[in-house]
Amino acid sequence: MDTIDKLTEIFKEFPGIGERQAKRFVYFLMSRNPNYATLLSSLILDLKKEVTQCKDCFRYFLSHEKSNLCNICTDPNVDSSILMVVEKDSDLESVRKSRTYNGKYFVLGGLVPIVEKTTKSQVRIKELENKIKSSPKTVFGEIILAFSLSPQGDHTDFYVRNQLKPITEPLGIKISSLGRGLSTGTELEYSDNDTLKNALKNRQ
Amino acid sequence: MDTIDKLTEIFKEFPGIGERQAKRFVYFLMSRNPNYATLLSSLILDLKKEVTQCKDCFRYFLSHEKSNLCNICTDPNVDSSILMVVEKDSDLESVRKSRTYNGKYFVLGGLVPIVEKTTKSQVRIKELENKIKSSPKTVFGEIILAFSLSPQGDHTDFYVRNQLKPITEPLGIKISSLGRGLSTGTELEYSDNDTLKNALKNRQ
Amino acid sequence: MDTIDKLTEIFKEFPGIGERQAKRFVYFLMSRNPNYATLLSSLILDLKKEVTQCKDCFRYFLSHEKSNLCNICTDPNVDSSILMVVEKDSDLESVRKSRTYNGKYFVLGGLVPIVEKTTKSQVRIKELENKIKSSPKTVFGEIILAFSLSPQGDHTDFYVRNQLKPITEPLGIKISSLGRGLSTGTELEYSDNDTLKNALKNRQ
Amino acid sequence: MDTIDKLTEIFKEFPGIGERQAKRFVYFLMSRNPNYATLLSSLILDLKKEVTQCKDCFRYFLSHEKSNLCNICTDPNVDSSILMVVEKDSDLESVRKSRTYNGKYFVLGGLVPIVEKTTKSQVRIKELENKIKSSPKTVFGEIILAFSLSPQGDHTDFYVRNQLKPITEPLGIKISSLGRGLSTGTELEYSDNDTLKNALKNRQ
């Protein structure tokens, strides 16, 4: 394998990139000014140096001082009485950019597979339990489970609820899930039964 | 214009059919067995003969006895305390097939344009008002506005609410709208702000 | 099955139309002005009455006098020394509209399946042979095989050539096939090997 | 601009990558094992170090000995009597992989804009002229212009032909262009007029 092949293999792991486009990336880099490659290469190393995983919410963030806590977890203006549990960093970014939520986050690190047995090793359920247990009694009033609306998302919602219940119930912490119904662009004519059912049940 | 051109023009009015496919339909008919054309032609006439618009809910339905009321409006098992207002027949069919709703319907006949002035002539708002006014006082407990989630759907929701309020408020009739939030397949990472906002607001 | 279901079944046979769109067609017809249905129904019967299959080239055409020959076959300005063999009526229309060819046509009525045995019953190879045999010796100088560029199209080209050879060779009739190479929009970067091979072989 | 924003900007220049996917790439890198980033970074530097532009055909290639000539230009088995002029490296790779051509290449470095004036600075037409002039008289028997089938590709074909003619005609060098007609998957029914015209003109 020469450098072209090796780089193609690396680019193939990028999200949404197949063999063909991976190769195009390599040819693109070959034909660009050498400074471009140097800059890209050093920025990737910078990113690696600066990136830290927050020990509280487990999101990745950039830190020059190698702080252990991200800027959301240390922000005094964040509402620390609500905790939103999301699957992954990009979900967190999406909610954050929508400016519709001002509470804390927790990145579970994945969805819970419907069939597999070794669930706990895959998602940070133990870490989530510890976070809630170790918090001063009155901290969280509500935990919002915010997973994508898919069979695996539903299963994860169900699983996390069951795991947390023994901890949250005695503490009086409410567990909620994101609302369901029509989303932007939904046309009644083409809606599936579940969406209609949820839209009807949650009418207001 | 020969028959090919005339038929092409007619087929072009079919939902989702452009010039090219309209012409393909004509050639398809030309090359098919003559019995096929005869059958199609007579079924279209049958449909025309059998179709009636229900004088109560305004949906189109088939009636051999030329009844004025459709089978939903005359069904004693239908819950006559709820009325769902939909834009068009195909929306009604979609809800009906989902088996998630067992109340009455009303087909508004369109959405209310955001800019135009001549709204009333376009949708059956007067007919809807009359239906509610003329019903025995206790009939409807709730009117559900069930429009697609688009700017025009939102505008129609707003318009119908405002028009009905003077009638429904004195009668204690509740007006609701379909719930909003995540719909089947929604991925948090790619959700628009409105959907996230609704999902968060309507969490439960 | 009521009329709605029957019509849905009929529309499902239209080219490119599935169950869902077939049903939408029926609801569309139900909600349209009755005159529309009457017009559509009578135009379909007109088409059936007027359509004739040309006994010479086998294309379908409209004829008020129930002539047996289409307007191409009777046009004195058409170059009767070339015969283009096409798969179906819509291919013929496409070539005709391009105004790049002014010769005769023959509609084979299908492509020859690669695996099946009962070929002759499927396509009009016998009719094509008879047409060539029965023509005055000097009529055709060239027969152009004009099939789509697919495995089945290639197979049909091969099959027709072999079948005609015993007839055309003694008469000195040339058999040609449409040229191959880059077609409009072809990008070298994304071309398949066959297209590149043909483009290179047929360079000029 | 932090490192995330800077890297996003860089990835946005990758072929076919928009803002959204560029950002996903950055988050992907953040969440991957640090070794992945190190490997990617060093492979990009390797590529930069190894890449050379062939001084003869102007393609980019990898060379550990920093040779000035690529492996095609130095391959004694390549047919040096034919020269194929392509727009860009990826076109060359596509032809090469098809194993349908065994001659020399020349990468023009772009297509000639139809309206602009400053053409010569954009493509390597001077370099191409020099290459032909400086070659021993008998070297090239044919120059194949191999551009994509688009208005700009056609214009480039026309432009290069005109520029080369004063040089090639006295030397008896033939200039050809890739053949045109049906390409893989072309259906007659949906073909544009130019493709039908070329397919008919180039029939054989």
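As written, the chain order gives the labels A, B, C and D, with residue 1 at the start of each chain.
Simple rule for what comes next: a residue touches a chain if its C-beta (ideal position, glycine included) is under 8 Å from a C-beta of that chain, and two chains touch if they have at least 3 such contacts.
Not measured: the values here are computed from a predicted model.
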{"item": "Contact-graph distance - origin chain B, target chain D", "value": "2"}
{"item": "Fraction-based call for chain D against chain A, same above half, different below", "value": "same"}
{"item": "Computed distance of Cα centres, chain C from chain A, in Å", "value": "55"}
{"item": "For chain A paired with chain B, centre-to-centre distance based on mean C-alpha positions, whole Å", "value": "39"}
{"item": "Of all residues in chain B, the ones touching two or more other chains", "value": "88, 90, 93"}
{"item": "Complex contacts: residues of chain D adjacent to chain C", "value": "86-88, 90-91, 93-95, 97-101, 144, 146-150, 176-204"}
{"item": "List of chain A residues in touch with chain D within their complex", "value": "2-4, 6-7, 10, 13-16, 21, 24-31, 34, 36-48, 50-51, 60, 62, 88-90, 93"}
